[in-house]
Amino acid sequence: MSLKIGVIGTGAIGQEHIRRLNQKLVGSQVVAVTDINLEGAQKVADTYGNITVYKTYQEVVADPNVDALVITSWGPVHAEQVMAAIAVGKPVFVEKPMATTADDARKIVDAEIAFGKKLVQVGFMRRYDAGYKLLKEVIDSGKIGEPLVLHCAHRNPTVPTSYVTYMAINDTAIHELDCLHWLINDEWTSAQVIMPRATKNTHDKLKDPQILILTSAKGVRVVLEIFVNCQYGYDIQCEVVGETGIAKLPEPMSIEMRSQEKLSNTILNDWKVRFIESYDVELQDWIDSTVKGEVNGPTAWDGYLASVASDACVKAQESGAIEPIVTAARPTFYN
Amino acid sequence: MSLKIGVIGTGAIGQEHIRRLNQKLVGSQVVAVTDINLEGAQKVADTYGNITVYKTYQEVVADPNVDALVITSWGPVHAEQVMAAIAVGKPVFVEKPMATTADDARKIVDAEIAFGKKLVQVGFMRRYDAGYKLLKEVIDSGKIGEPLVLHCAHRNPTVPTSYVTYMAINDTAIHELDCLHWLINDEWTSAQVIMPRATKNTHDKLKDPQILILTSAKGVRVVLEIFVNCQYGYDIQCEVVGETGIAKLPEPMSIEMRSQEKLSNTILNDWKVRFIESYDVELQDWIDSTVKGEVNGPTAWDGYLASVASDACVKAQESGAIEPIVTAARPTFYN
Amino acid sequence: MSLKIGVIGTGAIGQEHIRRLNQKLVGSQVVAVTDINLEGAQKVADTYGNITVYKTYQEVVADPNVDALVITSWGPVHAEQVMAAIAVGKPVFVEKPMATTADDARKIVDAEIAFGKKLVQVGFMRRYDAGYKLLKEVIDSGKIGEPLVLHCAHRNPTVPTSYVTYMAINDTAIHELDCLHWLINDEWTSAQVIMPRATKNTHDKLKDPQILILTSAKGVRVVLEIFVNCQYGYDIQCEVVGETGIAKLPEPMSIEMRSQEKLSNTILNDWKVRFIESYDVELQDWIDSTVKGEVNGPTAWDGYLASVASDACVKAQESGAIEPIVTAARPTFYN
Amino acid sequence: MSLKIGVIGTGAIGQEHIRRLNQKLVGSQVVAVTDINLEGAQKVADTYGNITVYKTYQEVVADPNVDALVITSWGPVHAEQVMAAIAVGKPVFVEKPMATTADDARKIVDAEIAFGKKLVQVGFMRRYDAGYKLLKEVIDSGKIGEPLVLHCAHRNPTVPTSYVTYMAINDTAIHELDCLHWLINDEWTSAQVIMPRATKNTHDKLKDPQILILTSAKGVRVVLEIFVNCQYGYDIQCEVVGETGIAKLPEPMSIEMRSQEKLSNTILNDWKVRFIESYDVELQDWIDSTVKGEVNGPTAWDGYLASVASDACVKAQESGAIEPIVTAARPTFYN
């Protein structure tokens, strides 16, 4: 029996997810779609057949044939669409950000608690990356003792000139804000942003690179270098220093070459290639969990935490000071 | 529309493939099974439902509801079962060995050619391993020039005492016999086996390690160390020396650790873990190709080549001489 | 013609240097020694022969047979002994610290400038490490563009309980304070120290690990993790992030092993082994330079910079704030 | 007291050794030289002063001021010059080859035994390479059990066209013929040479690459790829497969770079750079041993073994067969 899915938003990422849900993953079937660009939605529906096209997201949510929702619309409308799904008690997978303000995020959390059952999963796909999963296994095994310091880097070869300073948090570090607190099973309490010497390959609206320092409730410190014009490739680094040892995120698999006086491995230049498989794993896990009535991925609470943390980080970019990250106490509902 | 599959043989590997076909892969459904252990077959059928259990493989082959066959029975009966599938023009995936004699293998080739369309895929899964695929891409790209020498190793931590000298070819090197000729797009012409000093961890019926040297039609030499009691882990190595550079099969992904005065990565100890993903990729590719009426994996011709080559290698184990590998000319049918 | 050397201080490091100067290096000969433990000095002299033992350092400095001085006495007396050498115009190699206060260090700088010729080399041996030299070559070559961020770590397996918080600067980070400004050809302007969650393997007088963040005049940021009870080994890491690429200090040479399900390299556990060769290179370079009337290693100015920087770092440990590192303008004498 | 040395042959390698002996190493002084090019010898002598130039090697050997000899003349005269040194009981360091025929090598062995004390060291410098020394330590430690198979490669970027097939043995593999038997503490008993597909970058007088397979008395097999036009660099590989693990020669130290979509380390292109330090270590060890009246490096017996083995290898190149390597029984004198 397939999970029947309504997709809200049929832009690029929406289309990719529809392809996954219909052709690559097991146990799911897209039965309804909508988009502000209705023609686009219709075109997608025609590609697969057996998909109802609605003019509004409300109709998709309400369609009794729809078991669960995937929200891949424009970020600013995510929160109200998630709230609508919770209102009718339907499971919902929402791409990041779950909400664009901490207040909206908090409202989702409260609504979900009020409903009495977890319904929301947020699209932080890194938790599904094979490397991060292996890294978490090592940490959880106790082989390196308690984590104390994380040295991380998030580097892109280049970004368009429309990318400005705060996006280093909202578009880039947002992945680490979620993934690393999951990795060490902890929550953030403060943030500091240091602006090193800028690369010549940036412009006056973008400070690049940046160093983000996060403190967790247990005192763990994350040192995250964000460098979005590093030129050499797309490179994600994460090294966890524990009390008795260190564990490092694997490099993506590549062929070791001896050629032209170099012993070399290829570095990727595209984030899509780096995390392409984790999208499949993420959505398959969501399908399987949803069928069981569970949420096993990033919850609404994680979406709320990311929202509060990113606000504090942007403030820290501007102030240069150590900014507190103040969240409500974790509801037992999310334990 | 799912491909409806009949599975002949419901032992360990049969059960794994049925689980894949029914639960993990897309576009397939097992509709009929048989096994010499009929109770076992019935039990498997009960697990999934909607599967007809037959007493004979002939009935499975003949069932009009069966679109394609998967043969995971005992090796000595593979050839006749494959012939039966060809006789009715049904696509068939057969686990290694396709046949236990070169003559039987040749008969399958002839039957397939007579039928006029490729129907047979042999279960050499290494071609579907992500590492080997990357390696082939590099070779085909010309980045290292023409291949000249391959340094390979196939190592197991231990084998049971029932494993004896000739199995180093038939159970172990058989994977390289297929995979490496595909890798370099060439065919074998001779084999030599060298017996180095034996490890103390073997017994008098098993020479271990062994060094197999293969020559290809273009003169490429493969030096393959087979060492099935190497103790330290399951380890597959392949380094291709080309005219201008060298490319090496990646190590399986693992976490780099600094601990107890070692900088280390884990080595696997189980071949199933090493190639588990390639089985999924292999069968998904087979399903997708079959639906299109194609065979894109190892063909009956590859099964025939492996059969002739392994016979020559076993002879070379005994003679100590360089033994020719004499195959018929490649039919244009297989180009 | 050998350089005739007077050694002030015949403790452990003094004895090692005397052995180097007399038996391992070329062009030097120890002709005079002194120590507060006169018996010890005599014993050392007897080992080699042809060495005059003096009761005071003043006599060693004054001995007309002494061409140059090596100071390996107790740190607090280094400054006055260096001043005495400058007073008579004799070249002097002084182990770290050159002086225990920034004022004393400044007096040495002034005295040397007044004398009109460089005479002092400070014993920062890391600049002579083969790995750091290769790293500096890469940076100077421009292959990674201008340096922007340095990720560094200085880790010891354990320290005695007498090692307390400020020693993380004065005994440990002092090496990076000198070496890294040389590496990037820049000077420090501020320091911040962050105290992460402490390891269980420390005690209440030692915060461990610590993260030291240095800013240079050009805006380069150094993130240095100091972790002196890391358990797993002695480990020095340095990764330089430049505008177009990254260069990393090599791991010490070791044998790659496949054994017991690990692919591993040994990590050292002793700093002496890590830098043993750099002491030889350092002193040979000092001998050769001294004979030519030059100072090519760390100068009195470098000794002064290290002194000012370490004072600021200790203050930053206590304040938790970003502390300025205020030095005099670099005299043209040291360009 | 310096060891006073007479050098026979002042060509390129002679001049390098003289510089080492006079300026870089401790405890040696060149006091006499000769060369067939007398002007050249005079020029070298003038560079250093205090060196007597003789017209004949006999005079150098006879000079009572000469304690020990270094032979860096043309290969074909090495044997008679070594014999002359033995005749007067003077220690002698002779560059490879010790002799150009196995008969001449054997005569040297016999003469040395007759003299009653080891006098001859052969210039196989690889035993002094830091990497090989570490590798031997691991093997001798028993950490990988008894060695069974060695996978080795000796690759040059290019060779001049005057380099022809047999030189792959006499000029190239000769290093492995000595070094590897020392590494595993064993002697060769047979050789086979396999000629793979030739690279396009060779010519009709040079088969390139070649695979040399050696058998030792204990049954260990060495598979040595010799590839002297590999284009990509100078690369020496050695991997020792033991009963319980594998140990691999380290790559030369280099900076790991992330640049231009590559994670890379530099590969050397010049053998002189690869082994430059081992020459220093080798000659320093020879000086120190000679002063003690010992030979601790490769002996005349090793020179004899290399001579017999290389003859058999050249024969194996031509015959394509497995050729025996027949040496006399090891005299107890060399245990």
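The letters A, B, C and D name the chains in turn, as written, and every chain counts its residues from 1.
Here is the rule we go by: a contact is a pair of C-beta atoms (placed from the backbone, for glycine too) under 8 Å apart; a residue touches a chain by one contact, two chains touch by 3 or more.
Computed from a predicted model, the values in this text were never measured in an experiment.
Between the chain pairs A-B and A-C, more C-beta pairs are in contact across A-C. The chain with its CA mean position farthest from that of subunit A is D. For the pair subunit A and subunit B, the distance between mean C-alpha positions equals 39 Å. Computed from the mean C-alpha positions, the centre of subunit A lies at a distance of 59 Å from the centre of subunit D. The geometric centre of subunit A is 45 Å away from that of subunit C, both derived from CA atoms. Across the assembly, subunit D contributes 231-232, 244-246, 258-260 as residues in contact with two or more other chains. By the touch criterion stated above, subunit C contacts subunit D in their complex at residues 23-26, 130-131, 134-135, 137-138, 143-144, 244-250, 253-260. Of all residues in subunit B, only 145-149, 151, 194, 196-201, 209, 211, 213, 216, 218-221, 223, 225, 227, 230-232, 241, 243-246 touch subunit D in the complex they form.
Residue ranges on subunit B touching subunit C, taken from their complex, read 231-233, 235, 251, 258-269.
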